[in-house]
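What follows is a pair of complexes built around chain A, which joins chain B in one and chain C in the other.
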Partner chain A sequence: MKCVKKFDAIPKLDGSWKFIDDYSYDDMLHGQLLYSTCHHGYIKKINFPANYNLSEFTMVSPKDITGDNIVPEPVCDQPFMVDKEVMHFGQVIMGIAHPNRKLLLKFIKETKIEYEELPAITDIKECLDNEENHFGKETIIDHRTKKEPKGEWIHHHNVYYTPHQEQAYLEPQGVISVYDPKANSMFVLISAQCPFFVKSGVEAIMGDAVSEVIIESPEGIGGAFGGKEDFPSLFAGISSLLSYKSGKPVKMILERVDDIQITTKRHPARVELDTWTDPITKKIKRCRIDYRIDAGAYQTLSPVVLARGVLHSISGYSVLDTFIRGRLFKSNTPSNGAFRGFGVPQALAAMEAHIDRIAADLNINPYEFRKINLFRIGDEFPTTQKIVEEHLSDCLERVIQKSDYHKKVIEFAEWNKTHKDKKGIGIAIGYHGGGYTGNGEKVLDSEVKVIIDKEAQVKIFVANTDMGQGAHTTLAQMFFEAIEHPREKCWVQLPNTSKTPNSGPTVASRTIYIIGNLLRKFAFQIKDELKFKNLEEYVKTHQNEFPKEFHKKFVPDKSVIFDEDTNVGIAYKDYSWAACVTEILFRADTYKIDLKKNWNVMDVGKVVNEKIAMGQAEGGITQGLAYGLSEFFYKPGFGRANGFTGYTLPTSLDLPEMNIEFIHTDSEIAKGLGEIPMDFPAPSVRNAFHNATGVFVDEYPMIPERLFKALEENK
Partner chain B sequence: MKFIKPKDIENLYDTLDTTEQQYLLAGGTDINVQINNGIIRDPNIIYISHLKELSGIEETNNEILIGSTTSFKDVIESRIIKKYFLLMYNSLQNFASPLIQTSATIGGNIANGSPTADVIPILLALNAKLLICSKSNKREVPLKDFFTGYKKNVMKNNELITKIIINKNAEQKYQTYYQKVGSRNSLAIAKVAVAGIKKVVKEKIIDIKLAVGSLNEYPRRLFKVEEYVTGKRLTEIDFEKVEELLNSEITPISDFRSDKEYRYHVCVNLIRTFLNE
Partner chain C sequence: MKISFTLNKQAVTIDVEPMKRLLDVLREDFNLLGAKEACGEGECGACTVLLNGEPVTSCILNAAHADGSEIETVEGISQTELGKLIIDCFDETNAVQCGFCFPGFFISSYHYIKTDGEKDLNKIKTALSGNICRCTGYEKIFESVMLACERAN
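And now, the complex of A and B:
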């Protein structure tokens, strides 16, 4: 739990580190995307504005593509640029480049496109409520028993909706593509999470036109949160095509308005829950879950989000008779993509609210009801994976104790009798499987490389990027702490696909969990192989052996077997667990929830760097709370947000006093931490609102306008 | 776009007399955004922030004069403002971000005339006046009479606001109230804003000024509500009547930020709370 300082903190503070827009090349052009403002239709004509010299512009459209017009994704269905039919707002029609960025932006703004419009689905509920409107393949978990529900069991049926969420990274999407005609190679510098995904994207669009594609990370990446997982592949494809056509380096940085409007978001979801509970034992006996997400116009990586959402949709409860059905729905909006949590926040939004609803009906305290239904050692997930630890229960007990929950429930109820404003307290639990789902880590076949030079400097080569989350500091720390090597002699190198082996994407809470633990093992292995006690002394005395290069592959646990067709088996080897309690004050005059206090207890296994871990937790919890409380991207009748004035991220004045504790930190394994803080906080706010007012709200965010309506309807 | 920087205040008045379709640029926090977004096209920009005569806070025997290009930061940090107008001092603490506080000006906030302008309801409650000048004329206009429509006001093309004038005793012996309801606690545009001052003697309201923002095409005083409650004890106020009057004085709309029903009810709640306090 050492707090090694982030090595990037000072160069970021003093401005010496470069982010993508700080890089420049001679004779560089600026690129931008010309995208569709129509949701569905055919392009009739593109009218470029007069008074510009068109010969100064480089333009690429599908006819310029030397490879394939399909972005490589888990489902390859999205074209880089509109082929025949515009399928969604924000779909790229052309890439355009010019030496003068300002002039280019003006040119694009003044370009008018005529469409033949077709019917389009743009509303979230219109998309998700229509049974017929889904892509083919379903994700099913069938853990049904043949027993019919007993008459005395109490049936609860509810539908929960969650909206888009914008990643809101500080640094917008940015890329520079540099085509070298002599070497016939394409070098791409990009603010992205997954350099090897980008490589596949650029290779796909370029085809045989280039013989080598190299992707490199800039020194700094200003946040990503999943938003720089898949969009960069499309983005870099187009900048590369522009560079190839013009023969010049092309820098493309999205304006914030474009970034918000056309890039991937968290999938809006509709989760329909049916539960049957025994009123005597208070056990949930039967559960049916219909989990739907709006994929957007194309499926891209949505099936993977769907799978994770479905796998977490029962939350932490043991229900013997369960059937879960997951489906991807279609809309004429940009494809939704990765965002911290990856389907889990939507799942927990439903189940964690539903639990409080049942508890209220059964007249039992929400904590007691959770405790009765929480899974225990020997129980199993709907996938049949056995529960082997009760750390989720430990998190819940600890957070109840820390927050003085029971005392406050009584105190608040008393206080509320004499006050117009209302105090409320709510619980939520959650968990997150670390790494890729099912057999994903086997397929990834991750590899890392280490070079030790003559000065005993350790250079670590991994493809995982540091986007501000501190991954490179923590990864290096896991290596040098294992062999007690000086910190200043151990560095993770900037990812570059020509030098770095493919250790997989920087996603799925896998960087520390998979790659970090691998590096730690690797450090011990190298120590055993070379038989040293002190690496510096060893290198001094064995100079002729250095520089020396070491490679290691991740070997998945053989006992982890998952059938991806039936969703039976071990979906994730290790889970991180969490529970939280949030206190609110509901303002009667303004219908506004003020977040007062928030306690969180998490088991993420071994905590490598406590400060970085705390930072991750605080950031994720903030995103989670705001997901439930204030952030919305689309409003029926008023369209989509176009900046941070409309898209209401919280400020520090909107946040509660936050308390975070990690438990079971004596574990050998550092488990996933990146996503779990995002998963569980929002439902605790919803439950606190119910505690305060007696009213349930079935939709996020709990903006005052929605609460006002809910209270009016409940009058 | 033409950019003009007058060398002194006299030169400014001359420029105002001879320039068409001009925009005065002080802090630029509204105008620059409007130019960037193409709302203002090809403007004649006259820069005024460097003219010392237009900025600063002075105290006379009866009044406080705030120069129109005084920044919000200077307003908040002014000992004079804190001494005489706690309502303004407290209400503006969370105005925008520190960056915008430093550049945005009080006169700009008024002249821009946004329905959501933060400072206007406060100044309306304090019964502020504006000193409006041109090369050949000077006139005082009560702020309550300044606006004539959405982003429209009584100024001629060659005039500018030079001072905001508030009586020193504007809030003395008054109870004050301000609530800005935004989508977050700072860096937010008001969905509803209510500012008010009232003098209560023996439970009877003997004077009241109520102003609201974000509920009409420009921030306004609620004269009908004021008139109805004046002279009444709290127990004599019929809130159904207050709502009826309010209904005739506000015209909330639905937009991306909020809904008209919500805005209306929040306004009712806030005014009721202020009257009952």
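And now, the complex of A and C:
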């Protein structure tokens, strides 16, 4: 049963599956955002172009807000629209709607805003190198011993930078808000990951002006990767305000250029590492990590990203004496947000490069060095959580074997002696915790609902969206496989906040891990309760009991205790583990890295649907490789990039041959899978470049200009 | 301006602004919603259709281009025998993720199989290099097209 096909594949192929822009309503207006083109300052005047009939437009600004001008987020500090001070380029100033989209876009383009400009920070290093830009609460893990470093230990110090990364979901942000004056309700159809987050956003901006807010998912969500986690709250808030004011449905679809300029990105990071290693035992004895991320102009959800980054920043190594300090920094760029990996790829970019640097200085092979320092059962994470399985070590051994690593290291060194181009091979390893951090799942209090009707059709109600990751196919599969019910009689319903219980957001690799495993248990429980062998037979013989509704809540494991102030305890109940090896060819004439082969071995627990899982892994690896190698805003924070022409994504010609294997799949539970493929490809490429050339690059992406500079400096 | 063309094998005539994008003509005037807009600048291939049998990005072509030509969209191609065969292959490999790029990939694959069709990975990669997919990492797409090449022959 492992390869159940996706229920939505055929309509997506023949074009009949509807995405947000494929819906329309009678008398519908088109909405767009007027946003700032200044990084920091005050708005002096907004000059609308002449030759337009202003009465045809509906406009909303903060004075039209019937509720609060603050987007509900973990930290509530970001306004829906500029109140006094413009804090970043791309900050929303007004929402504007008109029946004609083309005319509206032209009108906005011709609108000129005068500013009184203030000094602004837009450069990543300018932001992150200066301690004065620090804001918000720190996240600290203090696992220090009192011992001073011994004189013979070798000290390594280095600073690593990673840039913004654009989620680049292929379908731009889109929403339709429909205000119903009779019912005084707001209905919102939106391409978003988390319908209940959007609900809070719309409720916040509308206040008491509407009595009900309903959020629904369209059939298709054209990719998200974190980019449709929190921005949709702001976005839907403004479209709803426009619909309320005009009394008409308002559709707002962002142009790609605007989407890239104003929405959230992966946080740029600066990670400073200090490690001390015993040259005899080759053990890392002491580690200090200073992890900084650029939150943008507001904190919003950045503290959560910060915590996740900090918790993964030691990678897979056991170091007794550790101190990790995580801080948010402020810049005049749009607030950064969620992106697959959520702070972890930045942390590992640093640690996994650092490990190879130490290994080189100790004159030991990077594999051997990792092996010596790897977690063992009984060791502790810096949070004091005990390591209970050695699957990371299994991943490492397997990937080394599959890639023929040892043989290639020797072969490549030999080949490189006589060639201008250089071959290289690199490793990266680590883990990714599944679900919300620490007590998060307790707070979420997730609930799912199942209705079984008179025809034995099972309808599953969850708030988790299918944005392409195949969640609705896999979730249904986990249910119907458990009770051996026919596949065509079990469906996940499209999320709608008035019908669906809140099973929590579609984030943090939690959909299958938390909700899927819950549904599987739930299926067994219903079977036990009703005492059936075959559900169809049972329904036939007990018609008067149906339709029947069942509810179940997620009950977090009581033994999971985490102190969020001290970061001591169990941060994640289950970890996925992975090891990655990439083989490259560095071209001496173009300074370009060609990706040749990539191997990934992962333990994500039970694999429910092998092809869907493989597809997730392949997509994540691709985003990971491009993060390290090519994705780049030439001018971060300054208009950034012009659509996909400026921000280039990998095509079918840019990728290596991939080889993926899942191990320890006999596990009872399916663990997190969404994020972990993203974490290791980029550092493995960086290490492969070092293996090829003997030179380390401390910044992503490893574009030819940067490689040229690194090689020149090391001559 | 009045333009006439063949759309999915049927003769059509419409009165349209000559500079209107072909993508908008298809979506707005003919309610053919299969072609998607992802970038609007000819970079991603989500809006691909066949113009006189050749794949083009309809977001950067004007309606005037369509005059006198033959246009095929995903709605038409998916009904052909070869189209159905290709859809089955994509379906079997679970290649489709969010699906926003797929009508475009489907058309480029159809064009490749129809005009060449050799089961050659490098050729397939080149044929699909004008289409961007952010979800899949392309592996399952290659697999599907390889399978379709095999079956079509």
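Just so we're on the same page, the second predicted complex is superposed on the first by the 708 of 715 C-alpha atoms of A that agree within 3 Å, B and C clash if a C-alpha of one lies under 4 Å from a C-alpha of the other, contacts with A are read in each partner's own complex, and residues count from 1 in each chain.
Just so we're on the same page, contacts are C-beta pairs under 8 Å (C-beta built on N, C-alpha and C of every residue); 3 or more make two chains touch, one makes a residue touch a chain.
Because the structure is a prediction, the values reported are computed rather than measured.
Look at A:K109: by the touch rule set out above, it reaches chain B but stays clear of chain C. In the superposition on chain A, A:K592 contacts chain B only, with no contact to chain C. Put chain B and chain C next to each other and count what each touches on chain A; the higher total goes to C.
Judged by the touch definition given at the top, the superposed model places A:L170 against chain C, while chain B stays out of reach. By the touch criterion stated above, A:C3 is placed in contact with chain C alone, chain B being left untouched. In the superposed model, A:E126 lies in contact with neither chain B nor chain C. By the touch criterion defined above, A:I703 reaches chain B but does not reach chain C. When the shared chain is aligned, chain B comes close enough to touch A:S630, but chain C does not. Overlap of the chain B and chain C interfaces on chain A: residues 645, 649, 651, 653.
Contact residues of chain A toward chain B in the complex are 109, 588-592, 630, 635, 637-639, 641, 645-646, 648-651, 653-654, 703-705, 708-709.
Chain B contributes residues 38, 94, 179, 181, 183-189, 192, 254-259, 261-262, 265-266, 269-270, 273 to its touches with chain A in the complex.
By the touch criterion stated above, chain C contacts chain A in their complex at residues 32-41, 43-44, 46, 73-75, 78, 87, 90-103, 106, 124-126, 128-142. Contacts from chain A toward chain C in the complex involve residues 3, 5-6, 8-10, 12-19, 21-22, 167-172, 220-225, 255-256, 467-470, 609, 611-612, 614-615, 618-623, 643-645, 649, 651-653, 655, 658.
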